Amino acid sequence: MTKPFDIVRLHHAEVTVTDLERARHFYCEGLGFIETESDDNHIYLRALEDANHHCLVLTKGERASLKHIAYRVSADSDLDELDKLFTNLGVTKRWLKPGEEKGQGRALRIQDPGGIPVEFFFEMDKAERMLQKYHLQGNVKIKRIDHANCLITNIDDLYDWYADNLGFRTSEYTVKTISEDKEAMWAAWMHRKPSVHDLALISDRGPRFHHTGFWMDDAKSILDACDHLAALGYYANIERSPGRHGTSNAFFVYVRDPDGNRMELYTGDYFTNDPDWEPVKWNLDHPQRATFWGAMPPKSWTEEAVPVEDILTGEYLPIEELAHNKKK
Amino acid sequence: MTKPFDIVRLHHAEVTVTDLERARHFYCEGLGFIETESDDNHIYLRALEDANHHCLVLTKGERASLKHIAYRVSADSDLDELDKLFTNLGVTKRWLKPGEEKGQGRALRIQDPGGIPVEFFFEMDKAERMLQKYHLQGNVKIKRIDHANCLITNIDDLYDWYADNLGFRTSEYTVKTISEDKEAMWAAWMHRKPSVHDLALISDRGPRFHHTGFWMDDAKSILDACDHLAALGYYANIERSPGRHGTSNAFFVYVRDPDGNRMELYTGDYFTNDPDWEPVKWNLDHPQRATFWGAMPPKSWTEEAVPVEDILTGEYLPIEELAHNKKK
Amino acid sequence: MTKPFDIVRLHHAEVTVTDLERARHFYCEGLGFIETESDDNHIYLRALEDANHHCLVLTKGERASLKHIAYRVSADSDLDELDKLFTNLGVTKRWLKPGEEKGQGRALRIQDPGGIPVEFFFEMDKAERMLQKYHLQGNVKIKRIDHANCLITNIDDLYDWYADNLGFRTSEYTVKTISEDKEAMWAAWMHRKPSVHDLALISDRGPRFHHTGFWMDDAKSILDACDHLAALGYYANIERSPGRHGTSNAFFVYVRDPDGNRMELYTGDYFTNDPDWEPVKWNLDHPQRATFWGAMPPKSWTEEAVPVEDILTGEYLPIEELAHNKKK
Amino acid sequence: MTKPFDIVRLHHAEVTVTDLERARHFYCEGLGFIETESDDNHIYLRALEDANHHCLVLTKGERASLKHIAYRVSADSDLDELDKLFTNLGVTKRWLKPGEEKGQGRALRIQDPGGIPVEFFFEMDKAERMLQKYHLQGNVKIKRIDHANCLITNIDDLYDWYADNLGFRTSEYTVKTISEDKEAMWAAWMHRKPSVHDLALISDRGPRFHHTGFWMDDAKSILDACDHLAALGYYANIERSPGRHGTSNAFFVYVRDPDGNRMELYTGDYFTNDPDWEPVKWNLDHPQRATFWGAMPPKSWTEEAVPVEDILTGEYLPIEELAHNKKK
């Protein structure tokens, strides 16, 4: 079942912000991202370990939203193979020319069957890697992008779609008990790189985008980030206090930019590519699932997420109720 | 204004638990305290850096409560000086004979003017110090007791009482705005050892005991404690998620024993004994006062605390409303 | 250039020890490995994140040595493809039947062209995963095996052999200046999983085995390991003090078991699988190459390593001088 | 035995550097000290927790040396009491007028009986405290001065002198075995604040000044300091790799400024003021005394130290051999 293409990892995300200057302060002064390039409508950011043009694009818009998430592939020809596949699958798609997204070669964008705008690309300009330039790093040391967390209404279909067509594997998943002998999938942590995830699919009103996850070295670095953000005046942007997830075993904190785009500062998962890996199963009711230490997320974290863009029209996709909630 | 006695530091606390076996599991297996000695009604615990018999006594009782907190003095004769002082001040007091509290020499107990049962003692049996026996330590490495946090209704009087009579100094305090040009003291962090506090006085319904604070080396050790407690099944006992306090600048987590006695695992304060130290002032409304990172404490943390014992009768002191709340 | 097989990662190592009881104490009490199984001549160990039978095998022998390192493949049929490849390449090999190495399916062992005994296998028994059972973990929290570091005399050939035949990629490498305009490869960090390495090849007298690297979560965990080992009496086994490598950027400490087998406790590398990754180049003379903070390794670390076994005879391979040193 | 004065703690040190600009870069860009004030011959530095003018003074001079260390006292009148004491003791002394050392009130300097230039003062200008201004802090977060480490030739006398006359207490000490039933004091860790030390006295050629110790929050902060210094080009200034001391149990790294003045970045000691504290005794031969993890200090750390100044003439005191070495 080897694919004729190889998706390496989640590589970047593009989100909208309403005020570029305000966003620049939050992301660069606050979170320590490095600005590779900018223009009137975009800021291209990279993290400390990145050797390429961007892992996050801020684009001027009318409200917080997701424009796209992007996966990098192993070879330019993989893009043609994916194009064929998406034609066969009847997926909405469009090609971007080299440079249409700054610093990047040609790219293929689709609307996945859950509604998420997803890009595939191979080539990107190089940029200076700051990993060992510790003296030029600030107090918040984000190393790289890790994953995207999406709220969708059709997890059964979408899970199979990513697994069967794109070769995504599953590290952990959550089920909801429907009746005494029946349970339904509620969420899945899927990956291409051998970590817990590149993509989390969560059943909720959707399509919506919940957060982008960024990797930091250790828990202490995440606490240092909180101190820096809070001292800089961004304490109200720290939405969910530091803790350990049951699912993924990662240590986290969640922050939101001034427009409400959410990020997870994340560390501590594990190797997931052994061929006999058995996905870890959680029940939605497990008191340690969301937080291994027991605390509940705040209401905003549970309820709020941003809309996602139609890759053809640029409009926001309508947000639908969860099917099994409709039934109620 | 040198005193004829020298109070060194908060040295131990005695709290009641309803089930000694259950408490032993929580404190020893869960929190890594070392049991120095026990009998049918008590467990005497010490922390990893302690060279004496106990820093915490668990006593069988009908519900969670504070029996006493204890300060150590520099010399046996200090106790006689304190006795004279308390006679002059008209404070309720009683002497304990050597051994009446196990492992301890003679001691003087009083009910302070806020209602808190407070002990003074000089002599205590030595015990093996575990500080460098890392291989015998567990995953939770509590080093020593740090402070006691008490809810009282008469902060103006009590603050002066500790400052003037016992030589307590103030590192930080909180005021409440009463009117445009008037504010009232709401809380004070007072100390004898040169840290942020041995004693925190908070205005609230009282007298009640809010928590005992224990020192750990660093934030990572506190996170490790959460992992251990949660894995052992005590996730619901982690009441307030890790964070940094505005007041004191300490990194904390709060846990409660199976009966509800509360402890703070605490690290990170600073040196407070320079002679020109100006106490840090916070306003009750400052959004970073309770948590520098902005999060609010859970309702239970804000509202719940345990009663304190009458040093003569052993009964619980009646809990009174705050004077200025009465006025409303 | 896709291979008809997929090597997932370095999965385990087998080293010899002279006294199994003494070794058990060091590895289990000292380093916190979990014993899955043992017999008169072997102890099978796993780390805290492992879901399989072993990541380290201790085998009774006459002196410290390497019996084999093992890579896991993605499918059982990969082993047949590798067998064909090795036949074509004329490499010495032998098959192991299922269970010949306890807990493991059939396996193919070879002597690589540098002399290192290398195994490939697919199937291994499952074992209980301890990752979130924090309360059962000790003070030393090794999560998984990370890499093998081998001393060989023919790096130019061996580097190409691993890259061309087995699909190993290179994250970093070191060159030695030969003359003003000429340099020779001195060491290479090669990987299959997208980390800095599964295999380090270093030019030195060989073939010898320098160390097995094990992953820990963060620097603090590595310091905790030092405290635990030292308190347990193993301070003389901490060979090289904690530091950061220039090459790999990892934080490390090196320890040796009572027979002299060396392990690196390791954390902090980065993602290496982007398709345009340009290997980081170091010059052997760079003062921050070995230790980013400047300290030199101790003489024993630079000079000592253990012999490796002939996969057919079980005898130690003769140790040869480096070719370019011979020329001197 | 209460003294008519109260020495609070070691408060600052003054060392000489040959090039103020070069030193400014090392201390401010490298170590994150804050420059409060400077003139043609001095730079006055404070650490992140300091609320006063300086904890370290760099003074232009011909070579690295110690000009003085300073203790802060509790009251201005303490200085008069100390003056009387030193007159009685026949100690060389001189008064400094207010402002003679910038930012400081009147001060009394002495040459202690070991030859160390020591100052006592009460009053110092206030300065902005940076403790919670995390966003303005750099990667190296030194919080405050902790201790001074001095090499002297007359420990028996000097130890008594500090204990009996100035009220210094001892947390730990080291003895040297002279014969089977005889040992001599070799080193002592003495304190006024309730930490392991304000002053370490070590038997060696002297008087010389070995290092000033500065407090950091935790081990991770000390490792971060190494990364920052190394990346900035100061890797050769990291003299002794991170480790844990046996004596004091502190985690440390040692760095030297471009002139050779040595600093210890230090964390992790314990409370030492309980009235029944029994000083921890080490034997000079204990393999875990210097480094709990077993590593030996580098030769430069063991052999090199800077001269100290005559408080009257400004000349360097002659350096004498250790008495018991002379006898050999």
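Per-chain numbering from 1; labels A, B, C and D assigned in written order.
The criterion applied here is as follows: contacts are C-beta pairs under 8 Å (C-beta built on N, C-alpha and C of every residue); 3 or more make two chains touch, one makes a residue touch a chain.
Computed from a predicted structure; not experimentally measured.
Two chain pairs, A-C and A-D, are compared here, and A-C has more C-beta pairs in contact (counted per touch definition above).
Ranked by separation of Cα centres from chain D, the top chain is A. Distance from the chain A centre to the chain C centre is 33 Å, each centre being the mean of its Cα atoms. For the pair chain A and chain B, the distance between mean C-alpha positions equals 44 Å.
Distance between chain centres (mean CA atoms), chain A to chain D: 50 Å. Looking at chain B, one finds that residues 132, 218-220, 227, 230-231, 292 touch two or more other chains.
Residues of chain C touching chain D in their complex: 218-220, 223, 226-227, 229-231, 235-236, 238, 241-244, 251, 287-288, 291-295.
Interface residues of chain C facing chain A in the complex, by the touch rule stated above, are 2, 8-9, 11, 49, 51-52, 72-75, 122-124, 126, 131-132, 143-144, 193-194, 217-220, 246, 249, 267-268, 270-271, 273-278, 292.
Listing the residues of chain B that touch chain C in their complex gives 29, 132-139, 218, 220, 224, 227-228, 230-232.
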